[in-house]
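Naming follows writing order (A, B, C and D), and every chain is counted from residue 1.
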Amino acid sequence: MNWVWFHKLGSPPHFYRLAGKMLPWFAWPALLLCVGGTYGGLVLAPADYQQGDGFRILYVHAPAAWLSVMVYSAMAVYAAVGLIWRINVAHALAASCAAIGASFTVVALVTGSLWGRPMWGTYWEWDPRLTSELVLLFLYLGYMGLRSAIDDTARADRASAVLAIVGAVNVPIIHYSVTWWNSLHQAPSVMKFGKPTMPASMLIPLLMMLLGFTLYFVAIMLVRARGEVLRRERNAHWIAAAAEET
Amino acid sequence: MTHWLSMGGYWPYLWPSYLLTLLVVVLNIFFARRSLREARAEVRRRLQMQRSET
Amino acid sequence: MFSAIKLQLWRGDQHVLRGLCFTVAAGRCLQLTGVNGSGKSSLLRALCGLLPLEAGAVVWRGADTAADRHAFHAELAWLGHGTALKGDLTAAENLRYSAGLRRTLSGAEIDGALATVGFANADQRLARQMSAGQQRRVALARVLLLECPLWLLDEPTANLDSRGQEMFNQMLDAHLQRGGLAIVATHQALALPAQRLQELELS
Amino acid sequence: MSAPEPVSALKAGSMLVRRDLRLALRRPGEWLQPLVFFLVVTTLFPLATNPELSRLRDMAPAALWVAALLSSLLALELLFREDGQDGTLEQLAVSGLPLAWLLLAKTCVHWLLTGLPLVLVAPLAATALGAPYASIPGVLAALLLGSVALSLIGAVGAGLTLGLRRGGVLLALLVLPLAVPVLIFGARATALAIALEPMAAPMYLLAAIAVLSATLAPLAAAAAVRISLE
């Protein structure tokens, strides 16, 4: 196996340039997919036979919920790579994830409860999905809190990496326990995603939104990570040129 | 058009959801770009200090 | 034989060590000097493996210490700013637990070490009732008890009076004569024969 | 000159356990505080609601577990703080012994001093909250397993916040979300015990979490402590 690409990616100037070049390749498809998905979801898809037009919240709720979990996993993987192989670029990537993930966790929570109002008749139901989402938000906030409490960047990187990994081990356990707890006390939730019976006109916009949001996340992460890489690079000559860009 | 906007009576829940999502999407772009700009400014400042030292 | 090869260390925005190299042979002591903030403590902590190095290697007995940290630490006695003494234990109890963690000790050995650093046998005071200088002496007794070939000491004579410094010099000289090595960060002149002492000034 | 024969990890661990126990005996006030806190909080619950025993019984699992969680959080301050300040942790980190093992020993002592007493006074609190006498063994067993897991999970948080200003609030923010599964399974087991129903299912899950924490938490705590010592 050839590991050259791995080491090359770990080199800050290479990553900085590559991230700049890749950005449009993620940003434009993301925009197209999201616009197309929104149009498909709001206009083309037929109303749900049970929930009417209310189900269309799915097209923003599901991508946000997906991002909240996916970004946390990505953050934990970057953190582990940074911790084990001591690659600063991986730490920079992990550092760029937290704020994005936390913001989409909030979106998933708010859209979930807005969806819940017409479905359950209340804004907040102790639904397992929403409850796990809430605990996930606390995990993000803890991660960001720990990061901001440590002044030295290198130490903050490593300490928060340990936390991200411990959190990632815990996320499935938390989700399982919350689902288990909920099944004892409540009827199953009305929010069920990925129904296999979903017609294509409903499913395709959803898939477009999921993919679009993922690409959008990568684009935003690359922008942030470029800045984080610059912050972590102390004496290299290449940053002089990078700093003059606008 | 009004029929579409009313979303079968679900508009008070649906449109805020979409607006919030749009807001977060835009804010994320804004903050990411600002963070990159700030990092560059920080580097420029640091390089200037190094130059004035030597 | 202990050597540092091209050490690079950053503390925040400070480039503390820029490619530092040195070698200390058995039976010799390296004295680190330099103004406050020149990185003496950081260097010592990096040599211990407490601080991660940006680049470079610390080599002990021909092997990189990063490869087998436990084996290196088993031969290392470290004394930092904190004395690692428990205020609610007596001197002898402190030593029994902290040095006893690493090797089997007899009560006589503890008494002997305490006598070497100038403590009366029957001293039953708790560590928090002792003066700072006396606490230092107990910490030095732990370094003795560990019987390790390599000593890394950060300001070992802080708070010690002139008799205490003399005691430390004798203790260090005996360690070197047995073939031990030491790296000591201190401003006090070390009364050692010239062939045993080398100096490194950090700037 | 070569180093003396090193002692076994087992002996080193027992040395550390004996030292921490002796220190605790000389300073009983320190580790009694979380215990008193636990009793006070469980007393506050009836005061904040209807003191009818049948009503309290419904709330007893929640009261017991939230109080236990908060009291174990309070006790975490004692786990590494002093050892971090006086240089003891530094000595342990360069002792040539596996740090994860030494921290596990320390965490065990910490549990013996703060977790176990809490379990032992729990029958008192549970009875006051209306739990029938027959349920006491079940309540004890659930708290026993749960407090072990809480101490181990907490050790990771204590290692990460070691030496930080404003460490206390941050410690709560880090540890409480991770403790959610323990709270859920523990409270459920307690509720079943109080209702005198079979409680095997949540107990198995609780035991699984305790075992998982015992294997992984010391490793994470050791990594965290090493980073905090930098």
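In the analysis below, a residue touches a chain if its C-beta (ideal position, glycine included) is under 8 Å from a C-beta of that chain, and two chains touch if they have at least 3 such contacts.
Since the structure is predicted, the reported quantities are computational estimates derived from the model, not experimental observations.
Visitor: Averaged over CA atoms, how far is the centre of chain B from the centre of chain C? Could you give it in whole Å?
Guide: Computed value for the inter-centroid distance: 53 Å.
Visitor: Centroid of chain B to centroid of chain D, CA atoms only: how many Å?
Guide: One centre to the other, that is 42 Å.
Visitor: Nearest whole angstrom, what separates the Cα centre of chain C from the Cα centre of chain D?
Guide: 35
Visitor: Calculate how many whole Å lie between the centre of chain A and the centre of chain B, each centre taken as the average of the chain's C-alpha atoms.
Guide: Averaging C-alpha atoms per chain gives centres 15 Å apart.
Visitor: If a residue has to touch 2 or more other chains to count, which residues of chain D qualify?
Guide: 230
Visitor: Could you list which residues of chain B touch at least two other chains?
Guide: Residues of chain B never touch two or more of the other chains.
Visitor: By the touch rule stated above, which residues of chain C touch at least two different other chains?
Guide: In chain C, the residues touching two or more other chains are 13, 52.
Visitor: Name the graph shape formed by the protein chains and their touching pairs; answer line, ring, star, complete or other.
Guide: Here the contact pattern is something else, fitting no line, ring, star or complete shape.
Visitor: Sort out which chains touch which and give me every pair.
Guide: In this structure, the chains touch in these pairs: A-B, A-C, A-D, C-D.
Visitor: Would you pull the chain A residues touching chain C in the complex into a rising list?
Guide: 86, 151-154, 234-235
Visitor: Can you tell me which positions in chain D touch chain C when the two form their complex?
Guide: 1-7, 11-12, 15-16, 18-19, 22-23, 26-27, 85-88, 90-98, 226, 229-230
Visitor: Would you pull the chain B residues touching chain A in the complex into a rising list?
Guide: By the definition above, chain B touches chain A via 4, 7-10, 13-14, 16-18, 20-21, 24-25, 27-29, 31-33, 35-44, 47.
Visitor: Would you tell me which residues of chain A are touching chain B in their complex?
Guide: 34, 38, 42-43, 47, 52-54, 56-57, 60-61, 64, 96, 99-100, 103-104, 106-107, 110-111, 114-115, 117-118, 216, 220, 223-224, 226-228, 230-231, 239-240, 242-246
Visitor: In their shared complex, at which residues does chain A touch chain D?
Guide: Residues 83, 135, 138-139, 141-142, 145-146, 149-150, 152, 154-155, 158-159, 162-163, 165-167, 169-170, 173-174, 176-178, 180-181, 184 of chain A touch chain D in their complex.
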